[in-house]
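Take a look at these structures.
Two complexes are shown next, each including chain A; its partner changes from chain B in the first to chain C in the second.
Presenting the complex of A and B:
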């Protein structure tokens, strides 16, 4: 009898956890898990956005054909030196990760992750259409390349700038607090505002940058329509925009470093840049990993800067993956094809999420 | 007393709420905040259309019109997403070139049998206007204008270069003459001969297309792309020769090219009919460098006259007609009001679609109207296609690559040929 009463009054820990988790699980399932699987489902169909809206039966199951149409081509072959630049780097990367592992300078998981990345860099660029062959979609891989280039420029740019700013602004003075707020402010702006500001900055007729160039006797660069400058322009705007969060993370990391270390360092004559290099940097390793991986995942999804500042141009040099997905889905109404590209993007970002998970665990070990 | 007043207010609110049928309206043309309701006084496309809409909202009993955001760049993406989500606006503007894409899916309401009752007389529409809104012999929209590319002329610069005769600009009749005129303007004034948006929207594409059509060719024919041709090369080199000789700047976007023209930095601006009243009012403004303005027909540089043209029209979603007859009726009344104000819309510079308006003195008396009367006869567009938007984007990308990044013409045309063919094959 008392047992019965007890089970009525108190829930077991498992039951309580379930009940408390339920609201989250419901929302998560409804708005994230379900749409994801629906997206995969759509990617297996020839699915016209508007036609299916008017007639649900207007879709046809096509298996993996959307993936083939987007990523593959006619007479595609593989060569070990088809794209020597990337492939040699990939090959050297594989050798390096093996040597690092053997010499014990890299952990097993780190070496494995590095090795897999290097292997992909060696294998993927080797695919190319034979004479007489062609990619079914000649713009997809260059678009992926542009996206990777954007990430490759924006992530180090944000990380280094944010780290230097954090190191400079870490402290108790009022001026530093004001500056921290100022540098964080750009982060709260929406992409439309950010791109508008930078479109004006880059304008050859009225922009600040053009005025400065002219002041020093140069002729203004037409940033947004010049092939060599358009990508740089959207990277600069992005760095300015996404500095804030990275800076806050670094500031948090800096405050975790014990003051004793700096005092001990000072006794050994390590101050200023020396202290930064030998004390601050090694202690920020974990924060740097978190910032880099978060930024990689964030910037693979770049859209607004390319869409609003350059329209993907000139000559497709700033066309990025999400903009291509958007155009395929909404301009061309080809939801199936667009979903196939979106699944591809998910795989890339998923890989980096796993990497973050792995690296995080390894440091704990 | 207090209760009585409150009660009466609540009742009035309830009553007006019950009577006024709200009609949501989707359009581009841009934003105009204080358009007012005077359809004869507003200036520029955005303000003229909004003044007509405001007047409809104020005049029509029991109808209130709610204008949705008016951005141009992503308009069709938004409209399609709205249709797909089941919430399209009750009436929306669109181009004739989009009719195949929307009507082939049954997205547009068939208005054929309801126009008369709503006070819209299709027999007053010009035959080309009726054709523009007809799909499979059914009327799926109410036409609002014909618009086309013009050559907007700064007469002072032309005069200085000796390119004015009988009060009209002397325009080239061949690509060679185009280069001569451009040199003459540069020598006499130091300014560029021609400006246009070659870097943003597909205005450069429309310029090249006109020159392709002038040679009796086209960029696609049925299901076959016909871009990699001698005619396309001729058309492109007619334009690029100006860039190479530094007589025109390919790097200006829409706003910058327009500003260059208004600042007196270019003798010609290639742009649509939609800016005639705007440039006329700017020319009258003493602070604007442009002071003597002329709106000329697109000149014939090759064998036959041709200029890019299209139509704006209004459509009602098919689901509205099927599911909500009251709002459908209200939407039709809004369209009738816009149709009645066709002459006001023509004040922008667009050509009217109603015969009775075209024959009216008010229309003939609109500024600069007599300067581009030939445009209606040379109006052209690419063949109808559900892929129109994507094809325009391909052409814009490849043509821009030629003049902005120095991509070889042969490579660009071959790439464009392949991409357009892929679109037609899908």
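Presenting the complex of A and C:
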């Protein structure tokens, strides 16, 4: 390295790093860290949006009472079979993850993550109000359930569709390039446009889907206001909307698989579906993990689809967490309670972020 | 085990023809090496035998069976790739047994065959490892093991050693030769390294621009090349060539005054020719003249002297390792005219 002239002026590496980091740290602190802690702080107060806006002193510290008001109830008890469906699945999941770990089929972190998920599935649905008791907020847990249902449908939907599309469109023909662009195009639309398009698609009078069902002799479904169909409708719209990024990630993953492997596969009598199952899928494992975790984090924040297509209805079946937070804060002006819910959402997404980080490190070993 | 026959095999990509009607017979149990400079079509030709490239026209038979239009897995061939092409998510044992698994062979049979191949290649302690945890040489062995387990009629090797370091390459070369001896199977081996070709082959096929230049046993090609290309390609360091022409019924080679009398029939006057002599068939005459000794590379057992003729043409001479000659001196050369070759400069054909 050449020696610096006028070393008095030169910055040490640490100083240079600090100066270069400063703009980012300032913006990050101002718009992310500070609002986050402010949010946590608000969640510990009885904080009416309107009242505090006009009089900053119109708030009272209430400790964790907002969390209690949102998540707890009167005379709540726990039973191992209060909600047998979920709890049995959760119990079996715990056993399965232990066995998988013991037999060496699952890595330590994977087994641990699976086990924790199963444990939560076993424990959480077991809470219920006794006879005469009740939840303080009857809508909160069903809303959380709707959100999880939405994530549980949208994430596998997006992942599987995007992977199949990527496998079909991986290649160098012009048609494939055009189709790739077309399928990615929906991603650039804003949620308002997407929901508008799909409201028309699902419309029972002039919608494409209604036309198709009528063509085959069925009576059109009133998708957005039928209880069994509304959630399916917003999941379908979401899959169509967020296919692009997942597809691009899968395409990148596919390009990373050496063509030699497929030639070796051809000599080993593994072509077509066999090659996809035995060569493509195992080599896409990392990409699948990334896509799934990113989608989970993304879709837990669903808001627009539910807000614009169904208004959370019918009968609250598409009410999702962010929409409930939004309504609690800005319609009911209960900023403290809304913040408590937001912190709850943060904990869920934080857990998945940590999971992604850990899985990313595990596969690099 | 069985031989491979190519009849007028042609490959075109769009309008470009890359393999120009090759006829070739690889005998049962033979070790046949395709050799040539990069882009000569040697890999393409092997991949056509494997079925990884479609054959545009012509016929390929393996063991008397026409396989020209069959899928790769139906041809009874197994291949070792330059990049090894091991399945990264499978253990060594799973890699080796995958072909059998895909063909519905029962599990216990697969285990037996994998164990057998692992024993031959000394892979037993590595069977539970993933390819990532293996060294280059070990991966190469697993790739070879995978072909052995398949028990094919023909083994194909596509430049299998070019990703290994020099020392390992020599070891693996010896191992592959031993393997061929042990299995007695038909093997086709592609390389651009003529040393590998010379040491491994029963039969060498020299290819250039999608055509066969010459086919023969290694030493036959060395002793009796058909043309200037084969003469220059086989042998290391390469044969020396000096330009000249026929004048008044005699050879005139400006770099070699006092034209040597070669035992060949000379073409008509004014034909431009090339005179070829291998480095190992020339001796330096310290008292002679006509060449400037530029420098000497001493390799221990042997030394290579770089000589320049008055015409500027370069001549490499293999000298004894203990030579006392030194650079920048004026020397002459001696050689046995019977060891020299004469080629037509225009067509490259050998003049006999």
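Here is the rule we go by: the second predicted complex is superposed on the first by the 357 of 365 C-alpha atoms of A that agree within 3 Å, B and C clash if a C-alpha of one lies under 4 Å from a C-alpha of the other, contacts with A are read in each partner's own complex, and residues count from 1 in each chain.
What we mean here is this: a residue touches a chain if its C-beta (ideal position, glycine included) is under 8 Å from a C-beta of that chain, and two chains touch if they have at least 3 such contacts.
Note that the coordinates shown come from a computational prediction; the quantities given were computed from them, not determined experimentally.
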item	value
Broader residue contact with chain A after superposition on the shared chain, chain B or chain C	B
Partner chain in contact with A:266 - chain B first, chain C second, else both or neither	second
Which superposed partner A:51 touches (first chain B, second chain C, both, neither)	first
First, second, both or neither for A:315, with chain B first and chain C second	first
Which of chain B and chain C A:283 touches, first, second, both or neither	second
First, second, both or neither for A:37, with chain B first and chain C second	neither
Chain A partner contacts - residues on chain C that touch it in the complex	50-52, 71-73, 77-79, 81, 83, 85-90, 98-99, 102-103, 146, 150
Chain A contact footprint on chain B (complex, rising order)	76-77, 80-81, 83-86, 102, 105-107, 199-200, 251, 253, 256, 259, 318, 387, 389-390, 393, 397, 400-401, 404-405, 407, 415, 418-419, 422, 426
Sites on chain A touched by chain B in the complex	48-54, 134, 137-139, 203-205, 222, 225-227, 311-317, 326-327, 330-334
Of chain A, residues touching chain C in the complex	258, 260-261, 263-264, 266-271, 274, 278-279, 282-283, 285
